[in-house]
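Read from first to last, the chains carry the letters A, B, C, D and E; within each, the first residue is number 1.
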Amino acid sequence: MSKTVGVKDLIQKKDKLSKMKSGVEKSIPVFLFCLASISVLTTVGIVSTLVYETFLFFKDVSLIEFFTTTELKPLSPVEPKFSILPLLTGTVMTSLVAMLVAIPIGLTTAVFLSEYASPAVRKVLKPLIEVLAGIPTIVYGFFAFTFVTPLLREFIPALGATNALSPGIVMGIMIIPLVASLSEDAMNSVPNAMREGAMALGATKLEVTLRVVIPAAISGIIASFVLGISRAIGETMIVTIASGSSKNFTFDITQSMQTMTAYIVEVTSGDAASGTTAYYSLYAVAFTLFVFTLLMNMFARYISRKYREAY
Amino acid sequence: AACGSDEEGSGNQAGASGGELSGSVVIDGSGTVYPLMARIADEFMSTEEENVSVEVSRSGTSAGMKKFVVGETDFSNASRPIKEEELAELDENGIESEEFKVALDGLTLVINPENDWATEMTEEEIKTMFVTGKIKADDDVLWSDIRSDWPAEKINFYGPNENHGTYEFFVETILEEQELVEGINLQQEYSTLVSLVSEDKYGIAFFGYGYYANNDDKIAAVAIDFGNGPVAPSLDTIAEDGPYAPFTRPVFTNLSIDAAKEKEQVKAFAEYVFSKGAAEFAGETGFAPLPEEELQESLELIQAID
Amino acid sequence: MKDMNMDIAPEKKSYIDLNVVQKKMSARILLNKIVNYLFLLSTLFGLIVLVILLYRVVADSIGWLNIDFLTNKLSTSPDRAGIVGAIIGTVWLMIIVGPVTMVLGIGTAIYLEEYAKKGRFHSFIQTNITNLAGVPSIVFGLLGLTIFVRVFGFGSSIIAGGLTMSLLVLPIVVVSAQEAIRSVPQFLREASYGMGATKWQTIKNVVLPSALPGVLTGMILALSRAIGETAPLVVIGIPALLIPIPGSLFDSFTVLPMQIYYWTIDSVLVDEYAHLAAATILVLLTVLFVMNSVAIIIRNKFQKRY
Amino acid sequence: MCALTITARKSTKANAPLASDTENTEKNIVMNTRALNLWYGENHALKNINLPMLENDVTAIIGPSGCGKSTYIKTLNRMVELVPNVRISGEILYRDRNIFDKTYLVEELRTRVGMVFQKPNPFPKSIFDNVAYGPKIHGIRDKKILKEIVEKSLRGAAIWEEVKDRLNENAYGLSGGQQQRLCIARCLAIEPDVILMDEPTSALDPKSTLKVEELIQELKEKYSIIIVTHNMQQAARISDKTAFFLNGEVIEYDNTDLIFSTPNDKRTEDYITGRFG
Amino acid sequence: MCALTITARKSTKANAPLASDTENTEKNIVMNTRALNLWYGENHALKNINLPMLENDVTAIIGPSGCGKSTYIKTLNRMVELVPNVRISGEILYRDRNIFDKTYLVEELRTRVGMVFQKPNPFPKSIFDNVAYGPKIHGIRDKKILKEIVEKSLRGAAIWEEVKDRLNENAYGLSGGQQQRLCIARCLAIEPDVILMDEPTSALDPKSTLKVEELIQELKEKYSIIIVTHNMQQAARISDKTAFFLNGEVIEYDNTDLIFSTPNDKRTEDYITGRFG
């Protein structure tokens, strides 16, 4: 001890210095707080830009016209018409097709992975399926346009070159991993004791799954569906490329339809000059889209929290 | 000094590995004109002035104008003449500009290759079938409504949407501002229209000649009888004073004179367009070249900018 | 089996008829078997699609994806066209997105996990981040268009695109960094505090190094999302033809997905563009595959050593 | 079925079950385990088990933690096969049929051999649906019959009076002891022949434990019961036979009173007197 | 500092610490706890604690699980404040200064009052960096000095010989016992005055435990040590004073030999003789 430096003294001296630096210690939380506020500012930014321009839009176009009429001709030189219904039907139909693909396949995939597959199989299959979620949507758009549509045409001759069906299916495929992995999480959190209880009564795996596991995990499963829908509603590139831009109010999925997202792409990359009603309409549509997806996401979180079973 | 070298450069160093100019040229506007302008820009950068960066966007004629009138772009392509309002705005912003014709486009009516009846139609037939209520109040027009020996099948109408100068030309010039037929399927992308018609035996669409010429294996063009027998659109017939003339239209580019004065590369590019580019690449991108004198006139106008 | 029934004591009124149970049993088990295979099939469906997709992309890009394609600049003519500009544009984008999301994301995560009192404000920010993660990317595009392109006047430059993309992927980084920080065992923090370390010293010297692998994994995933994202850039406005390679943050740029987008829709004009799009997709997928593999390696290598 | 013929015998190793051939030689053997070995991967968890189980008896299985009690009992209705990488050799005869037979469907076996678990594990459904679950999956759809079954089973599990007015409430509203009896009722509803119980009272308070113990005494009139317990007193109180497991082997098997009064093996004695485990 | 003046006295309640005023009245009090109360939210975890701690003594704290031992020891260096919703009243004097004083920086306190935890918790860094961590955060950057400190501390923790050739290897490569001594070395590196140890050997095997116990005996020459232990024999072996906690109260405090030979309180006796806890 004698031969070494007096660490105690060293520390005390240095500490006085460093305590003077305690300004750093105090300012860091403030700095980090500012960083954390950026995310809040982002939301504020989104809401305020959308709200402001939407407000300008509704000065020109009544809410009634926007939500109840069926014609959308934003750039018509003769008589522009602004109804969101054609876009809503486009969005709803493509999302509906997507969910008709994603829900059954996603859920059965989840069931297979969580209830049927051996751990080894699961370990291989799960990450492979998740690859689907990582593929850029532009690639899916290309795939829908150049492969799925021509393929479907073989079976449905009336199918248009752009239509709601093909991008819907491809969106569904893209959403499979989301539904599958969230549902699987929900099923995994059902305690094994529950499965064993049913098995011990002579139930088959299918009966255990249908009558015990799925009911117990239902909130998480529904949440995964809702998030999937929300994802489908917000998806842009697939529909922009493969579903065309026809603004007819129709439910015919074999024909071209435009979604809210594709409309935004069209108007921003197209001809609408800023300051015109057509230009503001894109904010009104975007605001509708934003509110739609926000509500769905909040709803998903609400149900998964509210109905989480207390095991 | 820089000015001098520029003139020499464009004259002597064509094909050389690069001129002395640098900086950027920003072009936006018509989607119809885009393929031609992109082709010219590409060639300009690879053979004339390697260090100049020409960027070509295609947000559409009107959207391009919006940027042009505030001085954001150097060139604004257009598939229609510039409008009064746009000129007024340019004035207001103190921007001097000049409109140049670049090439000729023929508005082409396209049908499915399997359509073996409507390969020839009269101008009048086109004008009536595309106007709402002209043939039938409910607009469910059948091919047989036009000529009785044609199939009794519903006609499916397609066209570019209101974003496009082509739409405006069709509605304003050809249909003389009468309302377009109800239920016409209007699309943003020409690619979509090509696909739609190529798959629809009873479909008919209108768009620029270039999109037809590049896809004549998938779609067919209607030969139009303007009174002197049917004329099929082709580079020859849509040329100045060609027999397809009623349906041809010039396409333009608007040059900001201020930009050309300030930036040598803008002027150099403009000179290139009218000395070489427009004539050489019009054909391969589906436009009829303008008569040489007209291009020469434009070139002289540009060279005179100081 | 008959004597099974006999085993049951006579006074026990039996509801379960073993013969019936047995008869139904084989049907139930068969159903279970069939369903098992159906579920397997359904699980494989996604993978089959994946294989088809990859096969198509590879098949379409054979003969097109070569060194020249990777090193050539963009061009309108298919045999000269390359994607070096898009690759470098993508790199530029990452140069913004990487540092910005790292600072914002990790800072936010530290604040939420280590500093913020668990209360209303904390859950407000947390909810806000979860909600942002669910906002469609196109809406972020509009935000970027309004704020960065217009208000800040950055135009359609790298900085505008990069900042927009940063906000888009920020929630991914925040959430994964939060998880990583949360998984740093409390006893390591206690050890540090026990030595008289201040909070920030503890975070800097103990928490962050331990959380680093998780944070890095999240960063890579966020970057790969940003690399593949197209919609916000379409809104911000990327030139359809941009040959020069961007040299500064304020230059126009293009990225791989945008190139895929334009080539896909222009394939109607020039058939070969479809092959260029496929080749670009292959490059993009390869990049993403490598990034994700790195993320997985990091995660596995540094997983839980406590 | 066959009368108990196995008398005290030594297996090759020192782990032979010793059944003292007194009084109950005339009782039937319901399940008979012969030379059973079980591995979890490399872990040899059950080693050459030979163990009979008599009709209408309560057989207790005791032993220190990790000795293989749960593993053994889960082998009897083949629930152990749910664990991946399990390997089994030897045979278990249920009513003279080898349960590992290819043609023996596990679902069928489990309908005959019911099970009650350590932690009460009702389904997150109503009390009624919990009990009706078994009959329903076995094809009974008739509401009236289901009602009768539910009542009978709940009575059988001595919980009817407590829950008859709240059959439609969620089972999670019951106390731990009630939940466990509900699980027993659920098991009774499919009218099993044998009931396996793995430490059924270890998660319960003393009062509930007593109730379940009384119930087991009643049930043995109609069912054959195997119960795993770590509670020596409990084994002594309620079982007729006791098997002592250690490290995956059966060290001793005999009448409960004999095991607890005069164990043959030193290790059994050590365990019973609390010297380890 | 002030000499021990507190002699046997009764607090208002029955939980008065009884320090038999024999032999070591001349030892200094390093830390003195006065009327300390602590609440976790509504849970009153420490109740009116009065407890002195003598210089160069080993003070053992014993008591059943949940009685507040860890809470108390963590209060001594204010680590307990990391738990949200903690409320504290009363005072703790370290060398006559109240550690809860506004002007007393926790960092300073913790530099003087070091701590060793139940589970060895080295940082996932090299052995060298683990030990150098403390000096570094206190501003010592000089490589040479750091090296000296590391060696001295590792020697002090009786682990130098075992690790001197692998100072740059990750600390997680060490055995549990080595890790615990490394943590002690890490604590010594900032030359604290008092060392708090919360069950420092409970995660260790008997051999490592012995080593750490020997080490504690050595360390007490230079440091004042408080050790929490659930192991009565350990307390008896290594400590000079022992405090018995029960339900957040100090039931008895006295010389270790007295506590273990002739406890004053019935509850202490019951605990020591293994009747509960």
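The rule is simple: a contact is a pair of C-beta atoms (placed from the backbone, for glycine too) under 8 Å apart; a residue touches a chain by one contact, two chains touch by 3 or more.
No experiment lies behind these values; they were computed from the predicted model shown.
Between the contact lists of subunit B and subunit C, the overlap consists of A.
Among the remaining chains, B is positioned farthest from subunit D, on the basis of C-alpha centroids. The chain pair A-B and the chain pair A-C differ in C-beta contact count, and the higher one is A-C. Distance from the subunit C centre to the subunit D centre is 50 Å, each centre being the mean of its Cα atoms. Inter-chain centre distance (subunit B to subunit E, centres taken as mean C-alpha positions): 86 Å.
The set of subunit A residues that touch two or more partner chains comprises 204, 207, 269.
Each of residues 28-29, 198, 237, 265 in subunit C touches at least two other chains. The multi-chain contact residues of subunit B, meaning those touching 2 or more other chains, are 59, 189, 195. Interface of subunit C with subunit D (complex): residues 3-4, 7-9, 12-16, 20-22, 24-26, 28-29. On subunit B, the positions that touch subunit C within their shared complex are 24, 34-35, 38-39, 41-42, 45-46, 53-59, 72, 189-191, 194-195, 210-211, 214-215. Interface of subunit C with subunit B (complex): residues 75-77, 80, 155, 237, 239-244, 252, 265-270.
Only residues 22, 24-25, 28-29, 31-33, 35-36, 38-40, 42-43, 45-46, 49-50, 53, 104-105, 108-109, 111-113, 116-117, 125, 127-129, 131-132, 134-139, 141-143, 145-147, 173, 176-177, 204-207, 227, 230, 233-237, 240-241, 261, 264-265, 268-269, 282-283, 286, 289-290, 293-294, 296-298, 301 of subunit A touch subunit C when the two sit together in their complex. Across the complex, subunit C meets subunit A through its residues 28-29, 31-32, 35-36, 38-40, 42-43, 45-47, 49-50, 52-53, 56-57, 103-104, 107-108, 110-112, 115-116, 124-125, 128-132, 134-143, 145-147, 167, 170-171, 174, 198-200, 224, 227-231, 234-235, 237, 257, 260-261, 264-265, 274, 277-278, 281, 284-285, 288, 292, 296.
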